[in-house]
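One chain, subunit A, appears in both complexes that follow, with subunit B as partner in the first and subunit C in the second.
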Partner chain A sequence: MLLSEMKVVAPGSLTEALRWLEEHQDRARPLAGATDAMVRVKEGQWRSPIWVEIRRLPELQRMDQADGWVTVGAAVTYGRLLRSELMAQTAPLLAAAARDVGSVQIQAMGTLGGNLGTASPAGDTIPPLFALEAEVGLCSRGGGERWVPVESFFLGPGRTVRRPDELITAVRFAPQAPGERWKWQKLGLRGAQAISMVSLALRLQPGFARVAFGAVGPTVLRARKCEAWLSQAEAFDLATVRSIAQMAWKEVAPISDVRASAAYRQQMACALLERGLREVLAV
Partner chain B sequence: MKVTVAVNGTYYTREVEPRLLLSDFLRHELGLTGTHVGCEHGVCGACTVLVDGQAVRSCLTFAVQMDGAAVTTVEGLTPAEGELHPLQEAFREAHGLQCGFCTAGFLMTLVPYLAEHPNPSEAEIREALSGNICRCTGYQNIVKAVQLAAAKGGGR
Partner chain C sequence: MTNQQTWIGKSVHRVDAPAKLKGEPVYMTDRPLENPCFGRVLRSRYPHARILRIDTAKASALPGVICVLTHKDVPGLNGFGIVIPDQPVLCFDKVRMMGDALALVAAETPEIAAAALDLIEVDYEPLPIVDDALAAIMPGSPLVHETGNIHLRTVIRRGEVAQAFAEAAVVVDHVYFTPRQAHMFLETEGGVGQLMPNGELHIWCPAQAAFRDRLQVARLLGWDPERIREYSSPSGGAFGGKDELTVQHYLALLALHTGGRPVKIHLSREESTVAGIKRHPFMVQMRTAAAADGTFLAQEAFVVADTGAYASLGGPVLNLAIEHIGGVYRFPSLNVEGYCVYTNNGISGAFRGFGVPQVLVALESNIDEIARRLGRDPLDLRRQNLIQRGDLSAIGNPMTTGVGNQAVLEALENSPTWKERTAKKAAVTDPWKRRGVGIGLCMQGLGLGKGIPDYGAAVIELLPGGKFKVGISIQEIGTGNQTAYAQFAAEALGCDVADVEVIQGDTGYSADAGTVTATRSVFTGGKAIQITAEKMVALLRSTGAESYAAAYAVARERGLETKVRGSFAWPEADEEIPGAFGLPHHIYGYGAQAALVEVDTLTGEVQVLEVASVVDTGKSINPMGVEGQSEGGVAQGVGLALMEDTVVREGRFLNANMSNYIIPTAGDVPKVETFIVEVHEEKGPSGAKGMGEVPIVPTMPAIFGAIYDAVGVQMFRAPATPERVYMAMMGDPSATEDTPALRARIAEGRRAGLAAQLHQTEGEGYAQPKGPEDEEA
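Now for the complex of A and B:
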């Protein structure tokens, strides 16, 4: 289609937004901060006839903690995440990743829901959400609300289980433990506003480990063997840490692209895990 | 599509194509050509403007998304005819620009940053301006200009 035929609608409520999606299905696409969408549109992709603007919907702005869940609305920006007192207390891992997304200008517009909807394997907020075992809230007019574990949400690069009539409305997760050790790491071609070549979200407590890698597979993935060994290890010396980190080699499934080769990504996955473990364990 | 935006304190209502970018709206509809357009895909930062007080890339925003928003461009920085914003003054004094193409974007990124962080370290300044590209200065004098503005309390 021609860009001149494009339409942007700005519903005033979630119900109205869901009606647009239900009525127009594949012809309509949610538009949040536009930081990914606009680039794709300019590349000639994502030529959706109808864009449903959801950035300012009041129903998607929440950030709260209740009944054991921390809930973050889909339209909460990276800027709000990284400045939030609630995030600093309950999910510093996610806040740290939000700080590494793009530039301040992108952080002011880009949203958590948008990062999920774009479904890039290199999306920076996604490894923390895997490590937090978060759930993604989807809403439709016909089906109401459903919560999908973040690991089941992604089907591949750019593909998710979201139906065309559904909207990502929120993400929820249990808070990180107060004394827990955690680390977010991102390796890009330069320090600022680079797309990740490898990223790692790490959480450690006695008998508990979560290791999630970004940009080394068709979706973000968890290194379950590393997690098992980390949660069973009785003491961490340098040799143990190194041998567990080396296991990441077989757990990731990267491709070669313009940013890095598959072999380099495999090596760097191990290197990031070793570096992260040595830092949080002080070995 | 009809859009009403407050730009530098003045309300403008225009009938625009939904595909129109905020950067083109400012430059072509309103004639505010102080906002520059560089890479046009969200990397160089030249088109940075403030939307409700926050630095945003105007080339990655549809004008119609700004309905009801308050936008500030570099033209809105100067308090009065012939006067410069303290940050602009510092850029001039510290020679923080050469060709000037990127300058508006740097200013619009740094004005809200300095308001939030009145005493940034050099490393923090470099991080704050990492979303803006300058091909002339090598950034040294831009960093000095920000330090100078901060020292003079130029965050405002």
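Now for the complex of A and C:
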């Protein structure tokens, strides 16, 4: 399909957007910041006959806290996330990851919902959402709204449980505790604007730990053995930190590609966890 | 020469900066066109295959398609190449790389052109792929060209090598590998071609060799070159990657079939990466001998350069590398065997440094190890072995021009990066990080070398109001030479820089001063402008007028020619190096760098914190411009050392765009402190030499030395990615490439290389570009 044969529609409301999706199903595709779509279209993929532009929909712009949930609309950009006072207070882990996404230009255009929809195992905001045990809000005209735990949302690289008539509308999670230790770590081939070879989202409180890795499996994944040991540890000396970090080796399943080998990625899951723990624990 | 200079040696703002900073469409691929059509190139589906059939019928029938061309539509020689025309303009019998061109399309829109490419039917018969340069030398390897896979063999032997190694106290012997670095200029290859109403063919195309491009295009069209005009400046970056024809040949062919409409081609980043020139990947096995007192005794090297499917400048790249195999040091004996080899791995050619960075990393790393084994300070050991003026270089060339290695070494020694290295290394913050400092020294031959016609020429025109126009072929590719040329002219003519307009790269106006390559642009252009300016000054005097504005009026009144031209021939060495075409050079630029790095021992990440960059420029024409070039060279050197490699497996490109081809960002480029050293070059204009390539050359060895200093591992393969550094630190077997099996292959390769019957005798058979006199005749 030629570029000039594609149709881009810009509905004014969520209802209207959902109607486009319902009517055209697989022939329609949501378009938010276009930071992934432009690249894929240029490569000859994702040649969708209809693009439904959702970037400006007012219903997808929310960022609020109520009833124990922090809710972030799907069209909120990385730039808004990383500058948000609410995020700084309730999800600094997510804000830190947003700061590491692409360039300033990408941050100005790319959205949280888009990162979820593209479903790359290397998507930078996803490990924090795993560590926050977030839920993804999906909406359709026929079925209304449903909330899916982020861990159940992804089926594999580029594949999610979203139905063609559904739109990702928001993400919600419980806020990070005020005294909580947390760390976002990303390993790329250079200091900035690099696709992650391995990434880590870490949350730590007495008796509580969340560890999520990006780019070391078909989806982002939780390292539950590491979490269990971390939540049970009584004291963190260097030897303990190292032995727990080494366990990550068994919890990841990376592949080799042009950026890094599987063996290195596996080692780096351990290395990032060790480095993250040593930074937050000062050991 | 007077020391009272108004413009030479002053930091002048770049004359081209305002328009570029404002984002004006200064580049030729950005300019709006009247009634354009759009060209595309059909590239190969296979890295190596016989072509059985090309059918363009369906593509031609697509509405909106203006023409579809194949090899049958090439009226003249279906070949091009700076040295030998071994690359088909449009392939006919076989393809040798993924970037090979099979057909051209012009259409009403870019989209239709792309759709037409898909409709061209090509039947291929895939052939075995040659993807390893060392394997390509061996007997029985599949052939990329019928004439054999060895494009050039250069062997230089000097002194009593065997005896030197036998008597040495230390012998260091390693194998190094360097990457297929991509130029990654901002402006990918592109341009516009148009057949003009007067019958001339005009080509607007960012390039580095306007007059030679014109000859190459004339040859493939079978035209008189005078009917072709190329506008080749400015360029949004080139670095050597636009030295060869890029799209001029396609534009020329298409423009003959578009009814006088301008036709535009602009390569995507991916097409640029697959089809464009790259830095030659090298394998260098180097064995260096030193006496107990640190004196270097012998240097032995086996060098294999992967030129890909076509020669381009592969031969000269190999030879320049070999010329610099001993660096800035005395080596009384030398044994070097070098091969430039065809493979199906894309195509390699000119790139800033031109082979020298690839061998210097081996030399300087070997020297670091000698220093460690002798318990010597690495800088002091280097000082002990520096070539002095009057000495012979490693290849036996008497060094008779300004030798700046002593001066750059002293400046390096006094730089804060080196002098305060102990404190800087101790300032590491996290306990899992280590810091180190390393150094590299280099020289770089300037100009084209012995036996290759090298000349400069310029025109200067007096304009109404007493302003001047300077015309010179050498292009502005981002280096700042336009500003330097305005400075030379203003100084010589006694006017303001703002009163000089510099017209570059226009074969219809500018004099042929050759290419913007080989760090020759300041020397060539400066000298040509100074010589031409003398004629202009004579013209002005002859008018007897008080002002230039009045002189113009007088000249017009008397019917005097207001445009003058001058030319000169580059100085060259007295004696050539036997068996090594183009060697030696006569004038060299010198550089030295110290790098401070921090290595994360948990991940292998290397952050370059600071680089002290010393450059011997001869007289520095625009110090601010020198600093810019120095910083840019270091940035590109950091990429070469740590990040950049076009990964080609079985002839196919795995990282063709910039999401996976990694170049340094502002966050990766260190603080660069530049120290300019001016070792006066009496043969140069106002004592200048030039320096554009120098700052990329010592960066890789300085960083590798710093990594060793930090964590005690020597890197043998660039780029030193986090994974490679980590695996080396872990002692992982995958980090060791120098195995008995590799040594056996090298031994076999050396035997096979020396035994090979070459189609073309070493040092002969190069097609020479014509000199300016020939063209004018």
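In this text, the second predicted complex is superposed on the first by the 283 of 283 C-alpha atoms of A that agree within 3 Å, B and C clash if a C-alpha of one lies under 4 Å from a C-alpha of the other, contacts with A are read in each partner's own complex, and residues count from 1 in each chain.
Throughout what follows, contacts are C-beta pairs under 8 Å (C-beta built on N, C-alpha and C of every residue); 3 or more make two chains touch, one makes a residue touch a chain.
What you see is a predicted model, and the numbers here were worked out from it, not measured in a lab.
When the two structures are aligned on the shared chain, A:Leu3 is found in touch with subunit B and with subunit C. Of the two partner chains placed by the overlay, only subunit B lies in contact with A:Gly79; subunit C stays clear of it. When the shared chain is aligned, subunit C comes close enough to touch A:Ser261, but subunit B does not.
Contact with both subunit B and subunit C is seen for A:Gln193 once the two complexes are overlaid on the shared chain.
Contact with subunit C, but none with subunit B, is seen for A:Arg278 once the two complexes are overlaid on the shared chain. By the touch criterion stated above, A:Ala248 is placed in contact with neither subunit B nor subunit C. By the touch criterion defined above, A:Leu31 lies against subunit B but remains apart from subunit C after alignment on the C-alpha atoms of chain A.
On subunit A, the surface touched by subunit B in one complex and the surface touched by subunit C in the other have residues 3-4, 39, 42, 191-193 in common. Listing the residues of subunit A that touch subunit C in their complex gives 2-4, 39, 42, 187, 189-195, 197, 258-261, 263-264, 267-268, 271-272, 274-275, 278-279.
On the subunit B side of its complex with subunit A, the touching residues are 1, 17-19, 21, 40-43, 45, 48, 51, 54-57, 59-62, 64-65, 67, 109, 113, 127-128, 130-132.
Contact residues of subunit A toward subunit B in the complex are 3-4, 6-8, 10, 31, 34-35, 38-39, 42, 51, 53, 55, 79, 102-106, 108-109, 191-193.
Residue ranges on subunit C touching subunit A, taken from their complex, read 109, 111, 115, 268, 430-432, 600, 602-603, 605, 607, 643, 647, 654-655, 659-660, 662-668, 721-723, 726-727, 730, 734.
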